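Note that chain A is present in both complexes that follow, paired respectively with chain B and with chain C.
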Partner chain A sequence: MGENGAGKTTLAKQLNGLLRPTLGRVTVDGDDTTKKSVAQLSRKVGIVFQNPDHLLFSETVRDEVGFALKNFGFELGVIVKQVERTLEALDLAHYADTSPFLLSGGERKRVALAAVLAWEPDYLILDEPTIGQDYQQKERLRNFILQLNSQGKAVVMVTHDVEFVAECNPKVVLMSKGRIVAQGQADEILSDDGLIEKASLVKPQMAKLFSQLGGFGFPRDVVDVHRAKMLLEEKLSEVKVRVAQGS
Partner chain B sequence: MAGTQGEIIAARGLGFQYAGSASKALDDISIVIGQGEFVLLTGPSGCGKTTLCRCLNGLIPNFHPGEISGELLVDGVSVAAETTSELSRKVGYVFQNPENQLFALTVEKDVAFGPENLGLTREEIRGRVDWAMEAAGTVALKDLAPYELSGGQQQRVALAGVLAMKPSVIVLDEPTSFLDPRTAEEIMGAVDDLRRENGITVIVVEHRLDLVGRYAERIVVMDHGRIVADGKVEDVLDAEFDRLSGLGIGLPKVSLLWSLLKRDGLVSERLPTHVESAVKMLSQRLSN
Partner chain C sequence: MSLRVLNGFKFSSLKTRVHRLDPRAKFLLVIGIIVPSLLFTNIYLLAGLLLVQVPLLLIGRVTRRWVQSLRGGVFLSALIFVVNFFTGPLVNAVALTLRFLLLMTTFSFFFMTTSPDDLGLAIDKVGFIRWLSRRWLGYPNALSFTFTTAVRLVPTMAVDAQTVVDAQRSRGLELDKGNILKRVRNYIPILIPLLLIAIRRSLELAEALEARGFPGKEGRTSLFELRFKPVDYAMLAISLAGIVLSFWVFFHYKVPTI
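Showing the complex of A and B:
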């Protein structure tokens, strides 16, 4: 996370060799990225760009999602199965024969994601995956990311969507002006006024709420609704009992 | 809201079906928007929000082929009778993806492109460009090439280019997608100022209600090409929370929190739409 122009996308592009460092070293599984081709690195590191139109070109959604698999030399049976599975997972199966260019912005974004997920890279880099997604799609995406993560895949997400991050509670790397300025768990980072200011973010609504309710003895690092509800439930029930006893 | 200030947009039974598509993207849309209103247009992915916006400046049916039905008036004139170039003086459109509308070699030239093509005097063009770049916060970028800017900076330049046309309506299609949250708030604030100072009608398409909720007076919710809710933001959220939530609309987290507490009988007030009102109500209860 970090302000516009902080260097997030530039860093992401270093991870599959699209950009190479002019100073220092980037390694993927121990291999220096300057010694590997983008094609070799891509097999391990899949990047989904911010703008889906930079990635889409096929005539149908099915072809688009199968394209990389074909190039990586998978067998036809595997390709068909893998494409179907990915389309299903991203709620795109009904668009299999549609041109990606007839779809809405949010839908194209999901096709781009599917096109990368299909070959199951070990490392998945998502540049602003929630743009143009409605809440249901975001929930789907969140579950999908958590599932991949639990299968041992590393997911790196570039995003400004503080509420989405609050719900996922991942490790956050905060960037500003080309540097990493903080690292930590999302609830710590997103409730820290100084860091939020520095990286041009805003607090998630729950963090705003709890920083203003500080006088009632609540913790300040609350960022998600469910924790907020539990804390308030307890306090409000106490109040209710007190009021009932008092009257 | 609408009424006293006059209608700027009026749709009656508006329908549209994209060529090659099996279903209607817009189905019997009737809505009146008054001059100077700030309308939040929302709904699940693919519900027809962008399609409705494309009708407002004539991109539909002039550029996107398909079958249009019903009536749509912008500033009293039927869209069907106007060219997109004529309509673009009235309705400015900031697209989801700013790259789609930037092309000149410098930011300043890009912002000047619209007014130059209106055949205005040099002084008028200069004045408009300076004003628009100032209002959108792009003065410092004026000599840079649009393609070397970050997504957020590009979005500001796109906004400046639209402002320079001095339209009566600005449509912003998910304008803050590419922006960091602080910049997103700044842009929405700048748009709201423009509305207050110049009476520009603002229509924002957005999934994130928390961001726009504080500026918009009115929310219009679409689903399957139809308008399914329309009213004041607080009223609609309070009355339709469960239904909107079922549609997959990103409701403000404070409203969600409140609805959960309300379900458990711990609070009884109307759903808050922003943090400040929730803080006030909770402080009051907790002080008991």
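Showing the complex of A and C:
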């Protein structure tokens, strides 16, 4: 996370060799990125670009999703199977024979995601995946990311969407002016006034609420609804007990 | 990366002496270089015209990007060289390749050091264009605006092109892989998104313009006014002299290739 121009996308592009370090070293699973081609690195590190219009070109959604698999030299049988599976997973199966250009913005974004997921990269990088998505789609995306995590895949997300991040509570790397300024769990970072200001973000609503409730003995690093609910319930039941005791 | 060639046509927002030249004078300089380079195939002349621009590129601080764009144009220059080598004498092939590099340099120089806004102002000053635009499109500045927009879209499209290339390379597309035919086909996944982005953008642009009251009335004012400085007059004189001289020589003498 970080302000516009902080270097988030630049950093992401280092990971599959689209950009190479001018100074220092970037390694992916121990391999120096300067020694591998973009295609080789992409096989491991899949980047989903922010704007689906930058990559959609095929006649059908099915071809679009299969494009990368062909480039990577998968066998035809595997391609067909992987494409069907990915379309199914992203709820796009009924669009398999539709032109990607006829789909809505949100659906196109999902096709773009499918086009990368199809080859099952070990690391998935999503550049601003929540932009232009309605709440339900975001919710689905979140579940999908968690599912990938449970399969042992790392998901890196470039985003400004503090609420989305707050609900997942992942590790956050905060960038500003080309440098990493902080890293840690989302609840630490997103409840820190100084860091939030520095990266021109806004606190998640829960963090705002709880920083103002500090006087009641609540912790300040609450960012997600779930934890907020538990803390409030605890406090309320305490109050209830005290009222019942008449104190 | 051969699309880096487009980098050489992107305006670089600097404030050097070359950037501050009046766009009209600079454009005439471009014509002053292009006319002789199209009229003659003399290798010394072409090389000279190429070298003359190096100090300008240096003052404009765009040499690095110029070299980049030349490197991107290597494939096309090689193609021009090979085709001409097999259809004519060697000197001719050298001259035509040199001419290509020269034209590329000249346009690259112009677009790298002239802001699209200045260019629009300059075109708007030309009475003939205003007259033509009024006759044709009903508004005196519609035509100059059309041109500015087209020019303005070159750098934007260069940025888009880079993103599209990045996106497709991330999907395992290898542009410089395979034989010539395959290489050409490799560009389909680049060109289709680019084309669609361009169409979509132009539709949005039209709506945005209408929403802001375009084309407005006659006698629209502008925030910045262009003014000729002594150095602009000098450049104007040199360019005009060059053009006239080129035509005069062209019609009176036969200039050999070498």
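What we mean here is this: the second predicted complex is superposed on the first by the 239 of 247 C-alpha atoms of A that agree within 3 Å, B and C clash if a C-alpha of one lies under 4 Å from a C-alpha of the other, contacts with A are read in each partner's own complex, and residues count from 1 in each chain.
We adopt the following convention: a contact is a pair of C-beta atoms (placed from the backbone, for glycine too) under 8 Å apart; a residue touches a chain by one contact, two chains touch by 3 or more.
These numbers come from a predicted model, not from an experiment.
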Quiz item: Mind checking chain B and chain C on superposed chain A, clash or fit?
Solution: clash
Quiz item: After superposition on the shared chain, which partner residues are touched by A:Ala115: those of chain B (first), chain C (second), both, or neither?
Solution: second
Quiz item: If you stack the two complexes on chain A, which partner ends up touching A:Gln212: first (chain B), second (chain C), both, or neither?
Solution: first
Quiz item: After superposition on the shared chain, which partner residues are touched by A:Arg179: those of chain B (first), chain C (second), both, or neither?
Solution: neither
Exercise. Go through the superposed model and pick first if A:Gly106 touches only chain B, second if only chain C, both, or neither.
Key: first
Quiz item: Between chain B (first) and chain C (second), which, if any, makes contact with A:Lys171: first, second, both or neither?
Solution: neither
Exercise. On the superposed three-chain arrangement, identify whether chain B or chain C touches more chain A residues.
Key: B
Practice problem: Figure out whether A:Val225 sits in contact with chain B (first) or chain C (second), or with both, or with neither. | Solution: first
Quiz item: Is A:Asn16 touching the first partner chain B, the second partner chain C, both, or neither of them?
Solution: second
Quiz item: Should A:Lys81 be classified as contacting the first partner (chain B), the second (chain C), both, or neither?
Solution: neither
Quiz item: Regarding the shared-chain residue A:Asp53, is it in contact with chain B (first), chain C (second), both, or neither?
Solution: both
Quiz item: Just one of 62-70, 116-124 or 170-178 in chain B runs into chain C once the structures are overlaid; which is it?
Solution: 116-124
Quiz prompt | chain C-contacting residues of chain A that also contact chain B | solution = 51, 53
Quiz item: For the complex, which residues does chain B have touching chain A?
Solution: 18, 20-21, 43-46, 50, 96-97, 99, 150-153, 174, 177-185, 207-208, 210, 248-254, 256-257, 260-261, 264, 266-267, 275, 278-279, 282-283, 285-286, 288
Practice problem: Name, in rising order, each residue of chain A that touches chain B in their complex. | Solution: 2-5, 50-51, 53, 102, 104-107, 128, 131-138, 160-163, 166, 199-202, 204-206, 208-209, 212-213, 215-216, 225, 228-229, 232-233, 235-237, 239-240, 242-243
Quiz item: How about chain C: which of its residues touch chain A in the complex?
Solution: 160, 163-164, 166-174, 188-189, 192-193, 196-197, 200
Self-check item: Contact footprint of chain C on chain A as seen in their complex
Solution: 13, 16, 18, 37-39, 42-43, 46-47, 49, 51, 53-57, 67-68, 71-72, 101, 115-116, 119
